[in-house]
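Quick one: the structure is below, and I'll ask about it shortly.
Labels A, B, C, D and E are assigned to the chains in the order they are written; within every chain, residues are numbered from 1.
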Amino acid sequence: MKLLGSGIFKGMAVTLENFVRSYFDRDRKHHLFTKEYAWKSDAPADQLPARADTTVTTRSRNFPMLLHDGKGSEDPMASIRCVACQICERECPPQCIFIEKEYDANGKFVKRPVIFDIDISVCMSCQICVEVCPFDAIVMNSEFELSNNDRFNGLLVRRDALLKSNDYYHRIHPEEAQERDDRMAREKAEKEAKQAAADAAKKKAAELAAEKAAELAAAKPKVDPAAPTATPQ
Amino acid sequence: MIDTLIHILALTAPVAMIFASLFAFTTWLERKILARIQNRIGPNYINIPFTKFRKTFGLLQPAADGFKMLVKEDIVPHGADRFLHLLAPILALVPAMMVLCLLPFDLPFANESMKRIHAAALDNAVLLFFGITSINTLAVFMAGWASRNKYSLLGGMRAVAQMVSYEIPLVLSAAVVIMAVGSLSAQKIVAAQSTHWFIFTPWGLAAFFIFFIASLAETNRSPFDLPEAESEIIAGYFTEYSGFKFALFFLGEYLSIFAINGLAVTLFFGGGNGPWVQAHPWLSCVWFLAKIFGLIFIIIWLRGTVPRLRVDQLMAFAWKFLMPLSILNLFVAAVALKVQQPWLTWPLCALVLYAAAHGLSRLQQKNVGPRTYQYAE
Amino acid sequence: MTSPALHEPVLQQFPATRWDAAARALIVPADIARAVAQWLTQPANGEFDYCSNVTGVDFLPKEIKEKTKNADGTEETLTRTEPGSLQVVYHLYSMRRRTGPLVLKQVAPREKPVAASLTPVWRSCELQEREVFDLFGVRFEGHPDLRRLLMWDEFEGFPMRRDYVEPADYEWEPTPHGEVLEKHRRGKVIS
Amino acid sequence: MSTAAPIAAPPYKLVRHDEAEAGLLEVSMGPHHPSTHGVFRMDVKLDGETVVRLKPVFGYLHRNHEKLAEGMSYLSSMPFTDRLDYFNSMANNWAYALAAEKLVDVPVPERAQYLRVIMAELTRLVNHTSLVGFFLNDLGALGTPLLYAFRERERILDLFEQASGARMMCNYFRFGGLRCDVPAGWLDRTRALVGGFPKFLDEFEKLLCENEIILARTQHVGVLSGAQAINAGITGPMLRASGVNYDLRKVDAYGIYDRFSFRVPLGAAGDCYDRFMIRMLEMRESLKILEQALRDIPEGPVMGNAPRVFKPAAAEVYGRVESPKGELGFYLIADGTTKPYRYRVRPPSLINLTVLEDLCVGHSIADAVVILGSIDIVLGEVDR
Amino acid sequence: MIEQVAFYILSAVAVLGALLAVSRRNLVHGVFALLLFFAALSGLFVMLLADYVAAVQVLVYIGAVGILLLFTIMLTEHVTGDDLRRLGVRGWFWGLLLAVAVPAVLILPAVLNEKSAKAAPIVVAQGNPALANNATQANTVKALGKVLMEKYVVPLEVLALLLTAALIGAVAVAHAPEKDASGKDTPA
């Protein structure tokens, strides 16, 4: 003989409990859950908005950015990592990247992009370009206040706007940046090691050849008449 | 003659102003309470132009909404019946305003002649109250018909059917109190409740229960907000209204909520009397409003919890549950008033009413109940 | 994938069907397709009560160059064009016996493609066959309500065919992306 | 399990659609209707309030995802799978990765298998909580259950963001493993969430499951029999609500689902209430799987040694996964190049809509909205 | 003085409402004009200090009868009246005759009988205090209740029956004839 309407009263008890406890949930963990908007004006310049823990985490990706290794002061183009190999342009699913190579005075390809545009009205921040880039030149930024009122040119981000310094990358995605730098350092070390090994091998081969040549030169005056039959080892 | 006119004006103008400003406050209250029920904050930011000042606890939100409604374009659909489309919101608002003056809401600064006029007006207040609120049904139908839109026609027909069928339990449950007091005048009803309020008698409690549910249906609130069921027929009868006509509909709805809850307070919660009222009579105003806001909190609380009924269930609930219960309550109250020993009548009434309520609800939903589920590995 | 036992009984019962080993699918001619389907749903032979997936596949006509050694020993390349085809692929499962997919294929010519609709046997094919008709143009005989599913009814052409050319009035907005797209178009074929 | 009745006559009656309809009210619950869960239109013919005929209209969100995929490499169409059923991007990724891994058998490391199960079950929680919230919203409970559900969903989306970088469009699975490992402390946060979830489910059930109005509105509405469901290709919770025991996690036991012990709830009546309750009970089962997975997840690499350029040999493959909405299948035909020759997605939401008209005819328009809500469609997957 | 002005306004509104109710082609407009007439009538009752009857007039006529009229209109088919042909003007002679006869029957006795013609308006005009105080507010309801329940019980019940019969008849006449499967009109 269940009391009439007891289901509704039980439901109302739940909502009343939520209503009352929302006034006592100081650290807003459960009963008052809204995270207030992290106003950019509150955050210090060139820094993630102050309340980074709420809206933007250390791995959140919004739109791509190009990296350069230079310090803040000098011309970023000097140390840009991108070599305009156009792999990311081909692999980008929504086809929103456009690159034009830079050629110096007499037409030789300088390993740098003259134009590197990303149309952020088309880009869906899917991060495929970061994966396929062999030179770690492009990574994901987590800047989210990008809206502007010019639909045509405002949303086409040019190369200079995309360029960011590596230590800005360390600031927004610390462990990812660290991991990437370690990997690059490791690869460079391996390459040098390989290079060194190759130099050593070449040097050794050169010495060997020089030695053999010297030996050959020394042996030749003795058996001059029988020389034609000797075949070089 | 002229001074009576002035006195009438002095009586009605403050009531209208108080309740109109309370309307703004209630919209804010409703959004804040609903927000807190749903674990969120509710309106709290209003960017006041030219100042950096932002956090205002949302108190300016009703002002912002009102301004937005004023500025918004007022679209009338092509084939709509222009005159009726304009008349409907006015007809929704005017009865609600008129009815507010019938509440026994004695203003502190009233002098003798104003009190006499107020008493005269309140003579058969309850009957006038129901007479005038029935015009609201007309306005809803006019809105539904005039906007020449399938959804609003559906909403209009639903609203008319609902209001007509819930008026009967409303009137019958009020009749119980009128029978107990023996007069239609709000003044006498409030006076009769000076010692104990009617809510504390079993038949009074049952009458209040029926009155409250029927008043929810009358003002299209919470479980009965079928005419404006946004998930089925978008916004029901006021789909095609925008701009200030839409705001008028909302003002009309909130004022009718104040009015019908004001009547509930006079009938069951003893109008203006409460502790310390003899000491300073101006407190009766405060008590009256406090009780109304108590009921409004319950309405908002219900709105945040309970889903909506279907049209046929709504009709079945009115005709097969509320009306028989209110007629039975009439008889039980008559018996209880005849036999004066409270210790005998109260348990008996409570038992009879509860048994009838449970029987009727069992009768309606035979094979509906929570189920158990079996699992497969 | 298809356990070998599933398709053997069908081959014996319906000699007209043949087994395409490469794609591990059963090629069924259109005229007996519904009979095969009805037969397959019987509890005695496999009880495939659930048709999970209906797909259209478009194969363009291919030129195959074959090096044939004719009589006097000289090499001679013979170019034979294999006719293209529109295939409708059905993946059948049995929910009661939980047995794996049996893949049924109806091969139809590219010019006037016609296939037998299996909706009267499995209702799940209804919307999917409408989609194959909409995007590939295969007419299904016996389908209760053959209309375009995704495109609007006045749309001409069948977008998923490999030789489909976008109409000129394909409305795109002249966003900067538009310029980017145009430059790409000049440079390389996007297709 | 209800025995599938031998299907002699066609299991549904051929309805001629042009019988005399003079007095009927033709309403188009059009693409901008608040309760169609996206751009989905229903041409409804009403006799008073009861539905006489209901024709769904699709195609408003059709982007021809399959033609796009034929023009791009295998990896490039992975982010587009997030946008199929945008509530469960992880489940879509897994279905595509599973199918692609059948083309080129790449061994998936243990830790990646465990993380895949964890992500899939978290997505199932997200989908079922959101569905119950939207379902109650259609019934008219103004947002309260929806916002309680969204509170839990927010926590899970934060976990996704910390792991994959994006809340909804995760693009986290790769052929042969996952793109990157979860950050430190992520597993403890997940254990905390899974620990706190039953308390939320109890509160939800206390709020909803005995509510008389919900019982009256959803029981015996839109009844679907087991045989009709199987024949119409219905899969997922909607099928199990009609009493058919068919859950791909048990049938195919893909990934490492065979290592976890969990049960499959089955409904009896197959009406809207059963579909709603089955999803509530499935959430509890997912919690069990999550506890076991979080308990014994090993350390180790997350990405197998997949080839740098994914270029499978010519083959035909059909991989399917138990996504929260039903059987999500990928049919891939590879022709030896880096681009798939044919890329087909089996959309569970679209096929579950086959029976929409059969369920709605005879009910009122308010019930049609409730039935559509109980079927749980997402238009990204319906229109592809 | 105020009573006279109010009386003229109210009666003007009543006449306007009645005229509109008759002349409008759109049935819905007609019903709403009728309701305006009822409202003006209830205003006149208030003028006569019969506030109970005024309240009942609003409640019953506008609240219930008006709505029922609208319901019955909803069941008829040609409502907006813009597709109706002009209803022939053949019967104008009998219409004119009736229009003259009915007011004559109503007004003539009052005009011929001098005494009562003079007395009635004055009583209303002066707002006779005698009438005001002896009919104290409280017992108009009680008096009406007693009279209704004792003297006039039978006519009350008969009237109720008549009203329901009228409504059912209206629905039966206006209901669209059922169309059978082949589309022919079957007799309703």
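By our rule, a contact is a pair of C-beta atoms (placed from the backbone, for glycine too) under 8 Å apart; a residue touches a chain by one contact, two chains touch by 3 or more.
Remember, predicted model here, so these are calculated numbers, not experimental data.
Q: Shortest hop count from chain A to chain E along touching chains?
A: Minimal hop count between chain A and chain E: 2.
Q: Quick check: more C-beta contact pairs in B-E or B-D?
A: Spelling it out, more C-beta pairs touch across B-D than across the other pair.
Q: Of all the other chains, whose mean CA position lies farthest from chain C?
A: Ranked by distance of C-alpha centres from chain C, the top chain is E.
Q: Going by C-alpha centres, which chain would you call the most central?
A: Of all chains shown, the one whose C-alpha centre lies nearest the global C-alpha mean is D.
Q: In whole angstrom, what separates the CA-based centres of chain A and chain D?
A: Using C-alpha averages as centres, the distance is 34 Å.
Q: Could you grab the centroid distance between chain A and chain B? Build each centroid from C-alpha atoms only and quote it in angstrom.
A: Centres of chain A and chain B (C-alpha means) sit 62 Å apart.
Q: Compute the distance, rounded to whole Å, between the mean C-alpha positions of chain C and chain D.
A: So the centroids are 26 Å from each other.
Q: Where the centres are mean C-alpha positions, what is the separation of chain A from chain C, in Å?
A: Going by mean C-alpha positions, chain A sits 42 Å from chain C.
Q: Mind pulling the chain B residues that touch 2 or more other chains?
A: In chain B, 37-40, 304-306 touch at least two other chains.
Q: Residues of chain A touching 2+ other chains?
A: Answer for chain A, listing residues that touch two or more other chains: 5, 8, 11, 14-15, 18, 30, 33.
Q: Going by the contact rule already set, what residues in chain D reach two or more other chains?
A: In chain D, residues 1, 144, 148, 151, 207, 209-215 touch at least two other chains, as defined above.
Q: Taking the touch rule as given, give the residues of chain A at its contact with chain D in the complex, in rising order.
A: Against chain D, the touching part of chain A is residues 5-8, 10-11, 13-15, 18, 30, 33, 57-61, 91-93, 124-128, 131-132, 140, 175.
Q: Mind listing the chain B positions that touch chain A in their complex?
A: 33, 36-41, 301-302, 304-306, 354, 357-358, 361
Q: Spell out the part of chain D that touches chain B in their complex, as residue ranges.
A: Contacts found on chain D: 1, 25, 27, 33-35, 49, 136-144, 147-148, 151, 207, 209-217, 219-220, 245, 250, 263-269, 273-274, 277-278, 281, 364-367, 369.
Q: Mind listing the chain A positions that touch chain B in their complex?
A: Residues 1, 4-5, 8, 11-12, 14-16, 18-19, 22-23, 30-34, 36 of chain A touch chain B in their complex.
Q: Please output the residues of chain B touching chain E within their complex, sorted ascending.
A: 1, 81, 84, 120, 123-124, 127-128, 130-132, 134-135, 137-138, 141-142, 145, 157, 160, 164, 167, 183-185
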